[in-house]
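Paired with chain B in one complex and with chain C in the other, chain A is shared by the two complexes that follow.
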Partner chain A sequence: MKPEKRLIPATSTLWREIKRHRAIYLLLLIPMVYFIVFKYIPIWNGQIAFKKFMPRQGVVGSPWIGFANFSEFFNSFYFWELLRNTLMYSVGKLLISVPLSIILAINLYECRLPFLRKTVQTLTYLPHFLSWVIMYGILLVLLAPGDGLINDIIKFFGGRGIDFLTNVRTFPWVVLFSDAWKEMGWGAIIFIAALMGVDPTLFEAAMVEGANSWQRVRYITMPSIQPVIILVVLLRLGKILSVGFNQMYMLYSPSVYSVGDIIDTWVFRGLQEGKFALATAVGLFKGVMGLVLVIISNRMAKRISGSSLY
Partner chain B sequence: MKKRLFTVLVVLLLTAALAAPVFAQSAADSGKASGPIDIELWYGAAMTEAGPPPSDWVGYSVIKDKLNINLKLTALPSSEADQDVKISAASAGDNLPDLFMVRREVWLRLVEQGLVAPVDDMYAKMPTRTSVQYDEDSRAFTTIDGVSYGLASPGSIQKNEGVLIRKDWLDKLGLSVPKTTEEFMAVMKAFTFNDPDGNGKNDTYGYGAFLELNNYEEGLGRRLDPWFGAFGVPGTWNLTKADFGLNVRKPAYFDALSFVKSMVDAGVIDPNWLSYKKDDFRAAWKQGRFGIMREQNAAYAATSNYAPFDKNFPDGGFVVADPPMGPNGDAAVGVYTRAFRIYALRDTISAEKKDAIARLLEWMSSDEGYFLIGWGVEGVNYTLKDGIPVADGVPDPEYAFTGPKGQPVTQLRNLVFYNGKVELSSRYPTYVTATSGKTMSALDVLRDFQSRSWVPTIGADTLPPPGTDLKRFYEQSVAEFITGRRVLNRANWSSWVAEFDKLGGKAWEDAGREVAVKNGLLR
Partner chain C sequence: MKVKTSPIRLTASDRLFYSLINIFLVMLFFVIAVPLWSTVTLSFRPNDFIGTNFEGMFLAPWKWSNAAYKALLGNNGFIIAFANSLKIIFFGVATALFFTIPLAYSLSIKTLPGRAVLVIIILIPHMFDVGIIPSFLMVKNLGLIDKLAAVFLPTAVSTYNVLIMKGFFEGIPVELKESARIDGASELYLLMRIIIPLSKPIILTIGLFYGVTFWNDFFHPMLYLNSNHLMPLPILLRNILIASGMNEFVEVNAFGEAPVQSIKAASVFLAAIPMIIAYPFIQKYFSKGTLLGSIKG
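Presenting the complex of A and B:
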């Protein structure tokens, strides 16, 4: 290392380095500004989680109240239910959406008909770009107890209509599968990208050896994209307490509050009452929980599979 | 190298941190400028489906030339929840505009936090406007401890909703307009099971509704309030001296809830009602899904709103019915209060700007401002017929105040309207429907609605709202009793009321009583 260091001319400065690699630094600048403005500066305002925030007195001038905001959240009548619902949807989405995305990605990768592949790809990406307001309209057409398409089919075969959107038994499944439907195609992109990076000679060799499609998936595809799967799961664990406010806000109603109210919707109703410090405290709690989970699961992933985020 | 990179990063972070307050700071008060005074106004759009006034709107130049004001407009979101969040976020960031519309619950909090300016001195500077907009009730609505912190203009028209029933269905089934809850139930069953539209399908229901809640119409909301009115417990509060309190804590509430539950159990209420949003509900009655509902006069009878129903059912039609009468002779479409729209000023506003706002509002209530803001430019957006602005006779109907290009120039009309005769006659003209040729008038419907039985709860919207958890407990439980998740019987109901009290229900009622007594709201 030392001889190399001597090779660098004494006049070589940081600015020269930057100038030489200006294109890369320029690319770095945009995300850096984004992270500084939207991620790091707000950390300063995070102190209101420990304050009785008074807008007129500002972030610094508001009085400290210790953990009172956290206590209000933890002592909420619905705290455990909110936590249970949030974790239920978070884990549920992880267990349903991620495998479906992987299956879709593998199927698209294996598909040998370009037209079919492109059509399916487009159709599965499309719902991602629809807002939950539109999605709710579609779900109502499909699931409404009175005249929804699914209920019409159930009734046609002699069954009784099901109030999918307002029944506590069916509502969680509507949430999980509507999310999977909306995000499956988009979520598959990263796995398709990973599949593109797999050495094609491995597949060719396997075929020469007589491996069938399932065996190729099992012994080549899955091990090849395993690091990406771990990466995706770890990243999602970091946001385990954020399960899609927009979706839940559109879909839930008082009759399914018991299974539809999540931390974010509870916080939103608090925000309507101007409880910004409480919302910040909850945000901080979610962030810390996410961080802890990422660290633990990263270590576990490293120990079990040898692959990890960092 | 690494050290330098670290130094650069630290400098970048510090620079950004120092610059942050600049971004977070509210716009500097430019009241001292020598040119036109900038006034930033966040308004509630009169028509949420239409855009804001265009940049070349004549109002901007008139206001600048005559009042020396450079008006900057921002439309608030259409949903009240989103409005609250926008105003709350602006207040948290100390970024409230000069003048803004705000709901009373949020406004109360802003007053507590000292973020809105007193406006008592402004009334005298706006004699015309004060005489038509700010009466005693209006000032009381925004007065706390003897100081007025907002300008409250008349809001939506009182008692503008009513019970409507499909007359063609009644005729086809040989039924008359029902009066009592039992008669209503019989009609609803007939509408549900006797194929009132004669299409041979089992696709109609007796009653249609959706959950539309606010702080004075809690529980199942206003669309089902006629049923609670039949049992003497409409709305959130009973504001009589003899029986003050939260209706949900009264025994009759159980009877009302049981009746609604019997409607659900009998299958006479559109099963989609808990899933419907407002637009879904309105699309449903226009598609002939149900025969009885509580609806607003304009949403029912205004030209564009009635047109789809008229097209679908040229031989169909609704009639206004009295609300159902309960076993004790009680009947009410629902509760009404005096609705106001509060416009508040941020507390840091300069005296010069405050004067400019008074000037602006006073001009808005002058003849020139009233017609320009309310209907646009005469000869372009409207013509006058017997002193009433009408859309007929304008050169390009697209630019008529009712047309797609004319609507945006009247977006501020709620700032000048006060539900006077001219407005109502203009807003709700009598017209002939396109398909069936029926003569319709949303104004006649309104007068009919207003003549029906209502329960006054003036000031109920000024009583304290429940806390977040209590509100959820209230709404969720009532919905669960209705859907059968909780068994509705007297024992369970009594237990629930006890739990409700334990969670703060009684304390909420006591807080409401204190405010009601203090403000003389009990009758």
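Presenting the complex of A and C:
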């Protein structure tokens, strides 16, 4: 009899709670319709990855063909190229941008000239808010083969001008360093926040004990932001298959497809060329891999630092 | 940042440490500033300027020419594109906040029955990205192709922004809500009269985040818009930048006498101006709450 006794008041409080919040459910109605139409119908449409898509017959009417689209993708020559490029850029960006952000954060934190600190801080955040179209315009000013600033400098020292954006050897570096230039300041914010959370008495104690500035950075600053560093690296590893469509689409051109084509740009060109089912299969492959990676990296982040995204 | 009071005199190695930091930051200043400055000076370059871009950076301001800006602002296509971008940012931010505020507020009510289901409904599409083509088919089936709504509706809700706003709502003292409830206020009244007025800073910040995204977006306009008269600024900017002679997308003499390179640089600068204006406001609200959200976004 005991459970029944508990059950009746429980349901009635639940009902009361639901009634009390009925305005909230009403408020959620339109956002939920939005989610169904704009977020869940696309997931439903994802089934064309397993179909031979015929626009006239629509998503549901097209015939099923199993994993044919996937095997076509996995067996094609571009599969390895896309995967290699995608991983190359995400690992490259991780290796360049994260250390630069950490160095910048420590420098800003340690800087004793408030004017210099504020100026550099403001200036380094700014490019994050510029789009890649604008970035492309700025890069043209710097890198144009005829009269770009960098080619001016190369020519001044007697070198020959390089067309950085169409050369397969220079293109990856342009991608990696333009990303670092744009995002370094934004990436530093999280580390600065972590540094501000460090107990100042630790620094005072170290000073009293006679530690110099270098030792302070080495033995107090670095260890205390280490969990945040691990967290940032893990979260980025979870998104390793998304390397920035906008950047690549703006910067690349057919002459550098071999080193510039990533999964996202390939899917987009697939859409333009009308290869709907095949490109959806590629996108779905990325989506599933991305989901697995995000879940793994979040689990690890939770275990290591006790905080995670979800 | 922290204020350091050092009772201990700096040693030689400390002085080296701080000098290196200052040198690093000054160098970084130039690394960021020079590309920006060279773009700005290029946009003001007079037609009769002879010299390299490097020399152009040191051209005295009184010798600058505003021909490129005159040409752009006097061009119909540019004005239309600018107006389209304003439309997208206005309706986009309004729609985004209309969805984001109720979602964030509902998630912030710990006692809301079905809250866990709501979390799952929101997180699944966020974590499982099926790619662009299924979305494209959805937009096409809705008949939104070549309509401005196609540009901002599919991206109107950012899960990160919902979570940031939810965090802010959770920080509002529960006692405040409870006392209003005891006075007989409905949940809706509570949201409209207490929560939203208290949350103006976060709503402004999130609105700015959305605004930046909509202003900068060229992917969705490129995907969904075909008509020239609907093109927003990023698309026009891209067309201007990739046109080698200025005549592929834009009529030959549309931009008058200004040099092509200056037109390109000036259009870059004009497209960046709204961001530069909004930037101090965004920066003002880099509080710790939004900070933690920022890396995740």
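Operating definition for what follows: the second predicted complex is superposed on the first by the 211 of 310 C-alpha atoms of A that agree within 3 Å, B and C clash if a C-alpha of one lies under 4 Å from a C-alpha of the other, contacts with A are read in each partner's own complex, and residues count from 1 in each chain.
As a convention for this text, a contact is a pair of C-beta atoms (placed from the backbone, for glycine too) under 8 Å apart; a residue touches a chain by one contact, two chains touch by 3 or more.
As the structure is a prediction and not an experimental result, all values here were calculated from the model.
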| item | value |
| --- | --- |
| Partner chain(s) touched by A:274 [first = chain B, second = chain C, both, neither] | first |
| Chain B versus chain C as contact partner of A:115, first or second or both or neither | neither |
| Partner chain(s) touched by A:78 [first = chain B, second = chain C, both, neither] | first |
| Chain B versus chain C as contact partner of A:214, first or second or both or neither | second |
| Greater chain A contact set [chain C / chain B] | C |
| Contacts of A:37 with chain B and chain C, given as first, second, both or neither | both |
| Which superposed partner A:261 touches (first chain B, second chain C, both, neither) | first |
| Touching partner for A:64 - first (chain B), second (chain C), both, neither | neither |
| Chain B versus chain C as contact partner of A:157, first or second or both or neither | neither |
| First (chain B), second (chain C), both or neither touched by A:294 | second |
| Doubly contacted chain A residues - partners chain C and chain B | 14, 17, 32, 37, 40-41, 44, 136, 140, 147, 268, 270-271, 276 |
| Footprint of chain B on chain A - complex, ascending | 13-14, 17, 32-33, 36-37, 40-41, 44, 53-56, 58, 76-78, 136, 140, 143-147, 161, 163, 165-168, 253-255, 257-258, 261, 266, 268-274, 276 |
| Chain B residues touching chain A - in the complex, by the definition given at the top | 1, 4-5, 8, 12-13, 16-17, 20, 81, 84-85, 88, 91-94, 105-106, 109, 113-115, 203, 205, 211, 270-272, 274-275, 277, 280, 289, 347, 468-469, 471-473, 475-476, 478-480, 482-483, 485, 503 |
| Interface residues, chain A side, partner chain C - complex | 14, 17-18, 20-24, 26-28, 30-32, 34-35, 37-46, 48, 59, 103-104, 107-113, 116-117, 119-120, 122-127, 129-134, 136-142, 147-149, 152-153, 156, 181, 185-187, 189-190, 192-193, 196, 200, 207-208, 212-214, 232, 235, 245-246, 249-250, 267-268, 270-271, 276, 279-280, 282-284, 286-288, 290-291, 294-295, 309-310 |
| Chain A-facing residues of chain C, complex | 1-2, 4, 6, 8, 11, 13-14, 17-18, 21-22, 24-26, 28-29, 31-36, 38-39, 42, 52-54, 57, 98-99, 102-103, 105-106, 109, 111-114, 118, 121-125, 127-138, 142, 153-154, 156-157, 186-188, 191, 212, 215-219, 223, 234, 237-238, 241, 261, 264-265, 267-268, 271-272, 275-276, 278-279, 282-283, 286, 288, 291-292, 294-296 |
